[in-house]
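In the two assemblies presented below, subunit A is common to both, partnered first by subunit B and then by subunit C.
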Partner chain A sequence: MSRHDAVVVGAGLAGLTAAVRLAEGGASVLVLAKGVGATHLSPCTIDVLGYDPEPVDHPRDALRRLVDARPDHPYRLVGADGVAAAIDWFKGCFADGPLSPYAYAGSVDENMRLPTAVGVLRPSAVVPETMAAGDLRAGGEVCVVGFRALKDFHPVLLADNLGRAAGVQARGLELDVSPEDRADVNALGFARAFDDASFRARVIGQLAGRLGAGERVALPAVLGIADPHAAWRDLEDRLGRPVFEVPTLPPSVPGMRVFATLRERLRRAGGRVILNVVVTGAERAGARIIAVRARVGLRDAVHEADRVVLATGGFASGGLELDSGWVARETALGLPVAGVPAPGDSRFRPGYFDDHPIGRAGVAVDGDQRPVGPDGAPAFDNVTVAGATLAGAEPWREKSGDGLSLATGHRAGGLMLAESGAHAGPAAVGMGG
Partner chain B sequence: MARLRAEVLVIGGGATGAGVAWDAALRGFDVVLVDRADLAIGTSGRFHGLLHSGGRYVVKDVVAARECVAENAILRRVIPQCIEDTGGLFVTFEDNDPGYGDRFLAGCHTAGLPVEEIPVAEALRMEPVVNPAIQRAFIVPDAAIDVWKTVWSLADGAVAHGARVLTYHKVIGLHTEHDAVTGARLRNELTGEELDIDAGFTINASGAWAAQIVRMAGIEGIGVIPGKGIMIGMNHRLVNTVLNRCAMPADGDILVPIRTISAIGTTDIRAADADEIPVTQAEVDQMLAEGERLVPGLRRARALRVWSGVRPLFQDEKAGGAEVDTRDVSRTHAVVDHRKRDGIAALLTMSGGKLTTLRLMAQDIVDAMCEQLGTDRPCRTAEVRPPRNEDGRYYQVGSRLAKREARLLDEQLICECELVGRERLEETMRARGTINLDDIRRQLRLGMGPCQGGFCIYRATGILHGVGRLSGAQASTSLLAFLQERWKGVWPILYGDQLRQARLDDWIFQGLLDVEHLPETGTGAPAALLEEEPIPA
Partner chain C sequence: MAAETGHDVLGELMRGSLDHCVKCTICETFCPVSNVTPLFPGPKYVGPQAERFRVPREESPDASLDYCSGCGICTQVCPQGVQIAEINTQARAKLRKRTGFRLRDRIIARPDLTGRLGTPVAPLANLMLHSRLPRRIADRLLGIDERAPVPAFAGRTFQAWARKHRSPPAPRRVAYFHGCGANWYEPDAGRRTVELLEYLGCQVDVPRGQGCCGLPLQSNGMFEPARRYVRRLTRRLAPSARHGIDIVGTSTSCTLMLKREAREILGLDDDPELRMVSDHVYDICEYLLMLHDRGELRTDFQPLPLTVTYHAPCQQQGHGIGKPALDLMALVPELRVIENDATCCGVAGTYGLKTEKYEIAMDVGAGLFAQIAEARPDLAVCDSETCRWHIEQATGVRTVHPIEILHRAAGLSGPGH
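Our next item is the complex of A and B:
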């Protein structure tokens, strides 16, 4: 049995963000999570709002319109200013983080347009510095370089589609260089190799004399995991031109950099992460949760907490589940799930890109991000919900995934700190220090 | 307009048509086999996967049962690599007709079907997930049969004997002269071009579409009522033996182990149109409930995909044409001789039948053709093995894994679920000359494992783009068409882990790749795929 000011369930971007804020605000924080969350899959570009459904150029303005038009959307909880504050905070995390001077670029005011691995120019607000030169709003000449051994990135296909965007000229090159000359190496394997100057030299050697004067170079997002800033700058310097990363299929190297950064900050602030723990329920006293129950392997453990942040993600990460009788549940605390059609009603439509009735399902919350039941009354007073668990959005379509998780996680931490400051009783011992 | 000539035109590239082409080519006929789409994309590609022992029919239709007994034994001999020798188990339940078990045993003896009753405890030891409430258990020689391997083996065998196979060629008209069919007009479904084929004889093996074909020769009074059946593939080999409920045939009463998965099926519902057979949520609910009775806990297994096919119920007005439950119709086949029925020579139609008897069906219809042509050429399909079956061994689960392990380090694995390596993928793309990912899916089972293509679809698109020298727009169209095809098979069964997977795939395709905004794709129609030359074979 352990005791903490706050237990955070979930180690994705939302959970870690809330946890770091709480810990840096002086709370004792324990993060319990089944796995590492979407950071290891997602490129972790902070997409605030990409489509509404037209491509969005200025997310700050578009957010205001969205919140007006869709009062059930989770961005209503944070608003444009809340998103901007979260982004500033997030960028700050890298300043003295373990990968410094690796940094993020961009703001909530403008979307960049960065190529995806199939060559679509996708709107993104805040991205790793190593990706920023891929912003092709003004067009440009690009040489897309990939590796035959990396099956999760196809440079010629990418270039072919990219070259059809306005003002963009693109061509693809596939190199036969790989770590230890293996035939099948994933993104993480390449990233480790790129940390090594001699591997970079091999790549640079293969590109010698093959690049046009005005061409920038696109590479898969594998330019280093231990020291990405150094790897990227070295390539830019020695190739003498802008170089940028394009996200690959999972595993995601840029996402792992975010995870490492936030986890290290949490550690420095005295917080702790335990992985491979499934939260299966809670013990309550009235409207408050006093402890969460967790299962580690075959053992059960109870963790007492004054406050709980629920950031378990959506259906993709097991935070929400639908059973074969078409009943949905929230897996950690058993909160009500809103937006799920009744068993006889249609959940999905036959067209893949159709609007699917179950698309916005999730945990409904009040203005303070407390979970509410079907009647709109809070289910618990001391639980705050953040991230992809929240009802009301289809972030994979809007391109708002990491933006929503970052902003709502940031606010969840802030709300809890404010509350604990307001009634500092015995429970708040250790806070504010 | 281009013109082709052949002795025999076979319409329909399902199991029946491929069997007919193989049979006729072996007898020395010059054959052209045509299908409006890829091979085995009609009912054959949407069946349940069972090589019947005959057990299902012994009580109700002893003729059908006897045919199965004989054909099961022959197919095991000639196409062993397409068959996994799982064996079959028939189990009775308390709520069944109590006399059925005895009638089943008696029927097996009448039909000559080898059967053995085993103690319930032994059946439960063999298949521990089976409902412990079973009352009796019988062992029969059911097996699992891979239709794609079968059809491609037969078609390649026919080609090796001089046949030509035209996929994506739809018959849009039949030519007739002096009360005989003399050929057909075809439309290339990829390019829109038309071509004429002169044929000495035409065999209509178009299954549920057979009535549409005969109408092109002015023949009336034949109707086909499609009876829709659905099957759900579960992500485990829940059983290693084909599991049958020992009772009169009903819904959801067979579970077939197919490679690494198992399929529960089926239903039988009248459909208005053989080309419009969407699966409804109510059907899925019913199938899961039935499956749960056979194997308690089945609902907790992951449902991988659902598919549906149509049983063609032939109605011949000249033969009475009474309406019947499609499952009550005899499952045996019949050759419709249009010279006798309609006074139109050189045209035969295959009606009814099942996959298990495809060889016999082919033999019967080619015999009837020989008779009409006045030649005597004996059938050889009971002795000759078509390609890739020569070693005489059954398929065994895990053989792909064994082949892979031998070369784990020197090749790139493109589909982790179904263990498809890069070389094999590139080879298939070249050999098939296709730029359609869905054709490759059927051939290699690419994207049919638990991840439903989340990873391999992007990889395969990239590779196809290179191998096939496709334009970006063509590659995009193929990618989007594949995503839609996959979606069709999963959306009705998205719950549990498969919903989780689908959402992860949404994140990959929509979040990470943003495929919805690919520039300038076609509408998904295959015609858009062929702006350029196809890949040289």
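Our next item is the complex of A and C:
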């Protein structure tokens, strides 16, 4: 049985953000998670709000409208200013993180339009510096470069689709360069290769004389994992033009950079992470959780904590479950799940991007992100919920997943620090060296 | 791979976990082996994907599986609970059954046998083990890499010391499971463990005749002898467990074997004696930290003005207990501990000894070795013996168990140690 100021359940963007904030604010923190979260899968662009349902140009304004129209939406908890504060904090994490000077660009005021792996322009607010030149709001000429050995990235398909966007002129080019001349290399394998100047030189060599004067270069998001800033800058300098990354299918190298940055900050601040641990319940004393129970291999472990952050994600990560009898469950603490259609009512609509009745299910919370029951009363006083577990959002339709997880995780950490009397202000940023 | 004894529920659950794979590739990004060599296609491929093609009574088509080191990191990071490494270990056993077991694997998988043979003739055996020519011959004939670290026989066993040692009565009683490493190669490490436990208020039993836990046999696919070994060991440890005495071990991979792997991978979960022992086994740092959490650990350690690095080996991480060694070392005044940020040193038990795998093991460990070199520590600290030997050989930095640090801080090592 261990004792910590805070136990954070979940190691995705929300959980890690809360954990880093708590640890850097002086709390002893233990993160328990079944496995790694969605960082390794999602592009890890901080998409605050992409559609409402039309494409959003100014997320700060759109956020205000969203919160007014949908008082049950979790963005009400943080508001535009809370999102902005979380973004500042997040950028600060990179400033003196292990990948510095790799940085994030953008703000909550404006959405860029960046190409996806299939060449659709999607709205994104805050993105890796290595992606920012892919903002094609004003159109432009793009040469999309892919690699034969990177099987899930199709430059010609991407360019064809991109060419349909207003003012964008795009063409695809596939290179036959791969690490050690291997025939099949995943995104991480390429990223490691791009950390190596001689591999970059091979790529640059193959591009020599093949680029048009006004063309910028799009590459899959594999430009380095140890020192992405150097790899990207080197390519820009030597190709003499803007170069940008386009997110790939999983694994997501930009997401791994985020994971590495937050994980290292947590480590430096003395926080601990245990993976392969399934939280299965809690011990309570009155309205407080005093310990969480976890399944570790063939044993049960008990971890005492003053406070618990629940950031277990939604249905995709197993934080929420819906069984065939329509019974929804929050898997870690057994909290009530709100927004589940009544048995017999339909859960889904036919179209993928339809407004699915089950889509907003999750844990309902009060203004302090404490879980509430059907009567609206807090289920626990010392539990804070963050990220994709929260009820009321539809991240897939809104394009708000990482924005929500970052902002609510950031606030969860701040709320807990404030409550425990520790210093939660901006000065907590940048500590922990 | 059902146990001979009955219906293997855990085994079925374990294999069934492959249906939870969503192909997210997270395991692939963490696998230390597939990240350094194209010879191994990675956990998702050889685990949940290939397992579907390994039909009972049909030959497995894929031999690349042999390059999985069994480090278990894939299982730790998988968010869907797929027991990739365990599935691989079972599949490897099937593969080896078909291809036959190499003489080399039969030798390196039996540290107690080599220990028994080498100990009486330690000076000669050590000379052979550490001279060029015999090592070259062993490399060419057997496939044990001539550059791989092999420990020296101590020439005396820990058991021999323990037989003469009387542990004074104390309020708490524990049994010490010392493992092959301490018995044949590092008897002083075993002695230090006993001394420290006594200092911390424990009466220490050392059950006689403890043999090997069978882990190296299991990793090398020899499940039948592995089951015999683990059963023999549990017979020795069972009396302690039966009396409610907790069993602590300094070999972190061997305690994991008793806690989980023998039950899950070897299909011995229905063995009541193993289950009883298993329920009482603790990694020693886990146990000491548990005492500390209960306020029952003596913490008046002396200052130790040293800089050390700490690497939590992959097998230790398999316990799912975090890094208790860090918390324990934090109790020592003036000790500066630099936590390494690495998952695996590469050696993975016997993997890095093999000629065809030695270089992979060195590549896997390269990041860790660089961190240690950069830190220029007085000592490196790591919980697993094979990892310590590998790290020491690769970095030239003396590498010790966390217990040795605590032993020093308890003032038990005396000056000059």
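Some points to look at:
The definition used in the following text is that the second predicted complex is superposed on the first by the 421 of 433 C-alpha atoms of A that agree within 3 Å, B and C clash if a C-alpha of one lies under 4 Å from a C-alpha of the other, contacts with A are read in each partner's own complex, and residues count from 1 in each chain.
Please note the rule applied: a residue touches a chain if its C-beta (ideal position, glycine included) is under 8 Å from a C-beta of that chain, and two chains touch if they have at least 3 such contacts.
It should be emphasised that the depicted structure is a prediction, and the values quoted were computed from it without experimental measurement.
With subunit A as the common reference, subunit B sits beside subunit C without any clash.
Put subunit B and subunit C next to each other and count what each touches on subunit A; the higher total goes to B. Touch criterion not met for A:Asp381: it reaches neither subunit B nor subunit C. Look at A:Asp72: by the touch rule set out above, it reaches neither subunit B nor subunit C.
In the superposed model, A:Arg299 makes contact with subunit C only, not with subunit B.
In the superposed model, A:Glu283 makes contact with neither subunit B nor subunit C. Judged by the touch definition given at the top, the superposed model places A:Asp88 against neither subunit B nor subunit C. In the superposition on chain A, A:Gly318 makes contact with both subunit B and subunit C. Of the two partner chains, subunit C is the only one touched by A:Arg272; subunit B is not.
When the two structures are aligned on the shared chain, A:Met256 is found in touch with subunit C, with no touch to subunit B.
Once the two complexes are overlaid on the shared chain, A:Arg192 sits against subunit C while remaining clear of subunit B.
For the overlaid pair of complexes, the smallest distance between C-alpha atoms of subunit B and those of subunit C rounds to 5 Å. Subunit A residues in contact with subunit B (one complex) as well as with subunit C (other complex) are 41, 182, 250, 317-318. Partner subunit A is touched in their complex by these residues of subunit C: 10, 24-26, 28-30, 35, 38, 75-81, 259-260, 263-264, 278-279, 289-290, 293-294, 317-323, 339, 341. On subunit A, the positions that touch subunit C within their shared complex are 1-3, 30, 33-37, 40-41, 180, 182, 186, 188-189, 192, 250-251, 256, 264, 267, 272-278, 296-299, 301, 317-318. Residues of subunit A touching subunit B in their complex: 38, 41-43, 50-51, 55, 116-120, 122, 149, 151-154, 156-157, 160-161, 163-165, 182-184, 247, 249-250, 314-318, 321-326, 344, 346-353, 395-397, 399, 401. Across the interface of their complex, subunit A is touched by residues 278, 281-282, 288, 299-300, 303, 409-414, 422, 455, 458-459, 461-463, 465-466, 471-473, 475-476, 479, 483-484, 487-488, 491-492, 494-496, 499-500, 503-504, 506-508, 510-520 of subunit B.
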